[in-house]
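Chain naming follows the written order as A, B, C and D, and within any one chain the residues start at number 1.
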Amino acid sequence: MAGSTYGTLFRITTWGESHGSALGVVIDGCPAGLPLSESDVQSFLDRRKPGCSKYSTPRQETDKAEILSGIFEGKTTGTPISILVKNLDQRSRDYGRIKNCYRPGHADFTFDAKYGFRDYRGGGRSSGRETIGRVAAGAVAAKILCRLGIRLTTYTRSIGDITVPENCFDLSCIGDNALCMPSVSYAEKAASYLEDCMRNHDSAGGIIECRIDGIPAGIGEPVFDKLDASLSKAIMSIGAVKGVEIGDGFLAAKSSGSTNNDSFYSKDGCIHKKTNHSGGILGGISDGQAILVRAAVKPTPSIAREQETVTADGENTSISITGRHDPVIVPRAVVVVEAMAALTIADMLMVNMSSRLSSLETFYL
Amino acid sequence: MAGSTYGTLFRITTWGESHGSALGVVIDGCPAGLPLSESDVQSFLDRRKPGCSKYSTPRQETDKAEILSGIFEGKTTGTPISILVKNLDQRSRDYGRIKNCYRPGHADFTFDAKYGFRDYRGGGRSSGRETIGRVAAGAVAAKILCRLGIRLTTYTRSIGDITVPENCFDLSCIGDNALCMPSVSYAEKAASYLEDCMRNHDSAGGIIECRIDGIPAGIGEPVFDKLDASLSKAIMSIGAVKGVEIGDGFLAAKSSGSTNNDSFYSKDGCIHKKTNHSGGILGGISDGQAILVRAAVKPTPSIAREQETVTADGENTSISITGRHDPVIVPRAVVVVEAMAALTIADMLMVNMSSRLSSLETFYL
Amino acid sequence: MAGSTYGTLFRITTWGESHGSALGVVIDGCPAGLPLSESDVQSFLDRRKPGCSKYSTPRQETDKAEILSGIFEGKTTGTPISILVKNLDQRSRDYGRIKNCYRPGHADFTFDAKYGFRDYRGGGRSSGRETIGRVAAGAVAAKILCRLGIRLTTYTRSIGDITVPENCFDLSCIGDNALCMPSVSYAEKAASYLEDCMRNHDSAGGIIECRIDGIPAGIGEPVFDKLDASLSKAIMSIGAVKGVEIGDGFLAAKSSGSTNNDSFYSKDGCIHKKTNHSGGILGGISDGQAILVRAAVKPTPSIAREQETVTADGENTSISITGRHDPVIVPRAVVVVEAMAALTIADMLMVNMSSRLSSLETFYL
Amino acid sequence: MAGSTYGTLFRITTWGESHGSALGVVIDGCPAGLPLSESDVQSFLDRRKPGCSKYSTPRQETDKAEILSGIFEGKTTGTPISILVKNLDQRSRDYGRIKNCYRPGHADFTFDAKYGFRDYRGGGRSSGRETIGRVAAGAVAAKILCRLGIRLTTYTRSIGDITVPENCFDLSCIGDNALCMPSVSYAEKAASYLEDCMRNHDSAGGIIECRIDGIPAGIGEPVFDKLDASLSKAIMSIGAVKGVEIGDGFLAAKSSGSTNNDSFYSKDGCIHKKTNHSGGILGGISDGQAILVRAAVKPTPSIAREQETVTADGENTSISITGRHDPVIVPRAVVVVEAMAALTIADMLMVNMSSRLSSLETFYL
């Protein structure tokens, strides 16, 4: 089924496997007239590139984006933008162990259950490399948002049980530490936590937070396609994500109405909120405040420690996964969360344009 | 835009406002041959009916389902099933206060921002009554699942900070307490917590948990339409939900790979998992274990306590919301969560049927 | 499957059977702020109402539209508009003959082949009454188009081999003759042709033409969702339609490039075409000229004459269909064609709004 | 907007321009387990390749298909199949004339009207080369159909006013003549008709017919997604198509019910029809007989003869289009029609699998 497509008007279709010849994305519905070059895409891809720190797989990939269509004289034409990234580091090696047995925490077993067989090389389509297409497309969406004054800030909020408290935030340092945390000191704590993990042949998870500023009030559809519902799907569709929160999220469940409700006030002719427990969304529609989304990322399932499992033939066995793997995928997933958020917002901004008859009249008359 | 439709092959479209003449749903794509009567639908609707306990609004609604199409000689025909529920208790009253000012925590402001005006009577389309169509359709989806050996169990896991611990679960008592909790004693604690809330003119939130047993391995699509991504959207699209978890959810972010990975083992020719941290889903595809989804529900925004806000004209003012309101909506939302889960699973089971060429060959040759 | 929904942003879902209690439509995505009353819808429904002339079934139906949601203070709110039409004339009668045998030219056999059984009362969902929902929704779409200066003119071009030549067109008389022809004298010829048919216990088909004026250049999507492709699907989805043409249609296949190409010319700063062989569409996108669509409608399959057929059990037999049937359905299908065209144009106008980045910038900045 | 995607479960997304670096398609939802190689795709692409006869453009393109994903060990994996075809013959030349003026019969003007500017090199996305992705994907769909015993036969029925009469059909010779006609002698007549056209610096159109054998009864959805409606959209979405017919098509409009109805009869336990005026579809659902679709193709708009037109600045001018162009595109469009039909049928076969509850029970229990 067509599960590799996302979006209504700004729509992307991704393709490619971990060890195929290439991966890519087709962006359909990008508005005409956006200045776009390969370097715009590359800057996003570089944020998820492996091999940049000791916390990411040493697999060497340049992940260089090639734009094959949809651009003319430096601008988007309105027709599909096809972006391709070649797989370079497909070193020939022995997949025998993975081939015949199901790695715990991976999709090996479920792919076999669904399709009857699978491309076992590096996880195939269920590999984290699948996100390359999302990130490339997210770069384009983010550029549109930027033109409309909408900015996304995404960072690692927690690694394991090391959480950056809000009053320690220094957003300027996110790009400066290998863990993408908004605090140098907490990044150091998290690094030492990760060293322990690695010494124990184990791995860690964490929480990613995305903040979207500048989005006007009124974006989102009221029932099934609520802005928060769409963001949830977008972000939960990223491989290792196991939970999503908007605003206060699970904390809201313990709160009271008098605390959780955000009071409105008026100033200089504009309506604001005194607090933002709602995370910028009310009734599925943006309320003009910053949107806050949080994603829980599970620990990397590939660990060197020996684990019990079964073979495809149903024999009990054990496996220890060696090779190139991130001890934590959170930092590299930061840009994936940002990309999925940008894609969702761009699409819903476009869908929203026909909400009022007066808009159609202004546009066409 | 078309945000009132949900599903790919099993597709529902809901309509109706809090104080319109009726609400309803059209189910398109229900397989032919399912025995179905109005009482099947009614039993689900009765679970969300107001007026059943002191924790729910005293608004009197029988919420009686009428099936207008799609059934012949007691069975579904494969054509759209239209279900209608009339609004009876639309007492004429003064909406002046709500009409002109934005209730904190509600969608009044965002609807105005989007559409330019709104049906202010009882929240209009953003009212909790919008879920009637979802629940009616969910009853049909659940009946299909039941035929396939798939059972959903949904309950209140927490009210405020009263959480039922897993080792105290008594699933048999869910239907016996007004709060739908799987423990009589915790339901009593939660009741006393709610009494306090009500005395303080305040409201409470909570957590709903849904467990789906009997789903075969292999259901779900690998990339954007992952089973967990689809469930997240479905459940986050319910009015007051602010967070969604699959399996261990946010706890997984603090776990380690060696703990969080579920080991496989083989017994009697079948593959099982020793634990179920993944909540029954790996790589977006069901792994044959029970699926576990959790929803964080915010406190009811309508509270009698005075709150600061603004008028539609941008003047600062205050409001205290009197009238018929639930101090907690969690117990009535339990069946809504179950309905959305059932709709998602039914749809993905249908979509999955064409995953293998051999299935098409068996079907058509 | 979800085959009862049509449209991307302006989306309708129809439901109901010939002999169920009611039929209807849910319109989702209608822009907020459109003045709309039941009489707007009724005026369209009255154009397809049976019992108005001797060329249509004497079945007595008032086909009165009730709007159940989506309107507040006389205007659309942006939320779903549910419209319901009750079936009054469901006279209890003996369906024994139709129940067990397949009427030639009808969908009895194919519904059984697909679903395993069928609602045999009056054709069930395959009845022409299914178009009620389309026409009701089409009235809303046409009202939007009217606000944007777009007008649809639809009429019977041919009945059997009686075709109104273009040089005899008098569009003002379309509403004045029972056959909806744009010529009183040709309507008389067609009437006498139909008298012959009826005397022979036979039926006739014909051609419906729809002309859409005032549509701006630039509407439609370039590849699969071309404006002409979408119109073709919309119109071919009407029960008895067997062919669709745009502009010169099949005549273009016999023409030469030098004749078929429409020359452009410039006048008063606007670009026009000297001819309109293309029917107002080039490359799937409107060219600013009138759009011309033509639909071939087959003869009514229900005829009193005896026909050979089989029973559901596979026995050879014969059948002659008595009862209430139109000898020609073309005149009643005129408004159905207009409705489907209006729905398509309204949807594509909305989709088109995000084609250029500059439009987003104008809208949001 | 997302107009470059087609299909519900078997879904394709095409991309690429006439003079970009490559064109391609992503096929999502292809069932796992289909043996597939590049040569399967190549055999279809070769049927639309330019440069094979004097009736097609001498542009030299090998149009070699590369499969980049979705295949493992020679079989489809169920994940997206990305196919890429490089553009080789992008000779650098002067587009000055086309750049500034609108070619009659082409989409130059309408693309500008929609997007504000366009890739003028060879028509960009509106070029016939856009069909490469359709044809590559159609090869995959056709291979699935072949496995299910469904065969498509597509040929040129007419060129200009030379039509092959049904009683002269020799299907075996379709591949043997440059015009893909099912008759050697009519192909010769058509060839001489084309010689005249070319001498006159003019071009010709024609009619393509596609016949689909072996499709079981019961395929198609009853209302908007009728099998004939979907086929119409699919085929009308091909660049130069201006009309579509199913079965008798426009002839049915002149027929009578007694003639046009196909009588059923039973033989050896199977239900057949004595005639096939319906073209294998009743009520939007296949009736088990051969499906017949016909497409009217307009004359190639690019002609050397001088034509009046305007510049983008609105000045009246004239143009004569020299360069590499087919005097008739019908023969090369034959495989495009076949591809679109195959894609539609494959998708609807998959969608149909969940029509009955008993099918779900058989599949899952």
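Throughout what follows, a contact is a pair of C-beta atoms (placed from the backbone, for glycine too) under 8 Å apart; a residue touches a chain by one contact, two chains touch by 3 or more.
In this text the structure is predicted, and so the values were computed from the model without any measurement.
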- Query: Which chains does subunit C share as contact partners with subunit D?
  - Reply: A, B
- Task: Could you let me know which interface, A-B or B-C, is made of more C-beta pairs in contact?
- Result: A-B
- Message: Taking the mean of the CA coordinates per chain, how far is subunit B from subunit C in Å?
- Response: 38
- Query: Roughly how far is subunit A from subunit C, going centre to centre by Cα mean, in whole Å?
  - Reply: 44
- Item | Chain centre separation (subunit A, subunit B; CA means) in Å | 26
- Interface hub residues of subunit D, defined as touching at least two other chains: 1-5, 8-10, 14, 29, 32-33, 78-79, 114-116, 125, 216, 222, 351, 354-356, 358
- Message: Per the contact definition, I'd like the list of subunit C residues that touch subunit B in the complex.
- Response: 1-5, 7-11, 13-17, 20-24, 26, 28-29, 32-33, 68-70, 72, 75, 77-82, 84, 114-119, 121, 124-125
- Item | Residue ranges of subunit A in contact with subunit B within the complex | 1-6, 8, 14, 102, 104-107, 109-111, 113-116, 125-126, 130, 158, 160-161, 197, 200-207, 216-226, 228-234, 236-237, 239, 242-250, 252-266, 269-271, 274, 278-279, 281-288, 296-303, 305, 307-310, 314-316, 351-352, 354-356, 358
- Residues of subunit B defined as touching subunit D within the complex: 8-10, 29, 31-34, 76, 78-79, 144, 147-149, 216, 222, 349-351, 353-361, 363-365
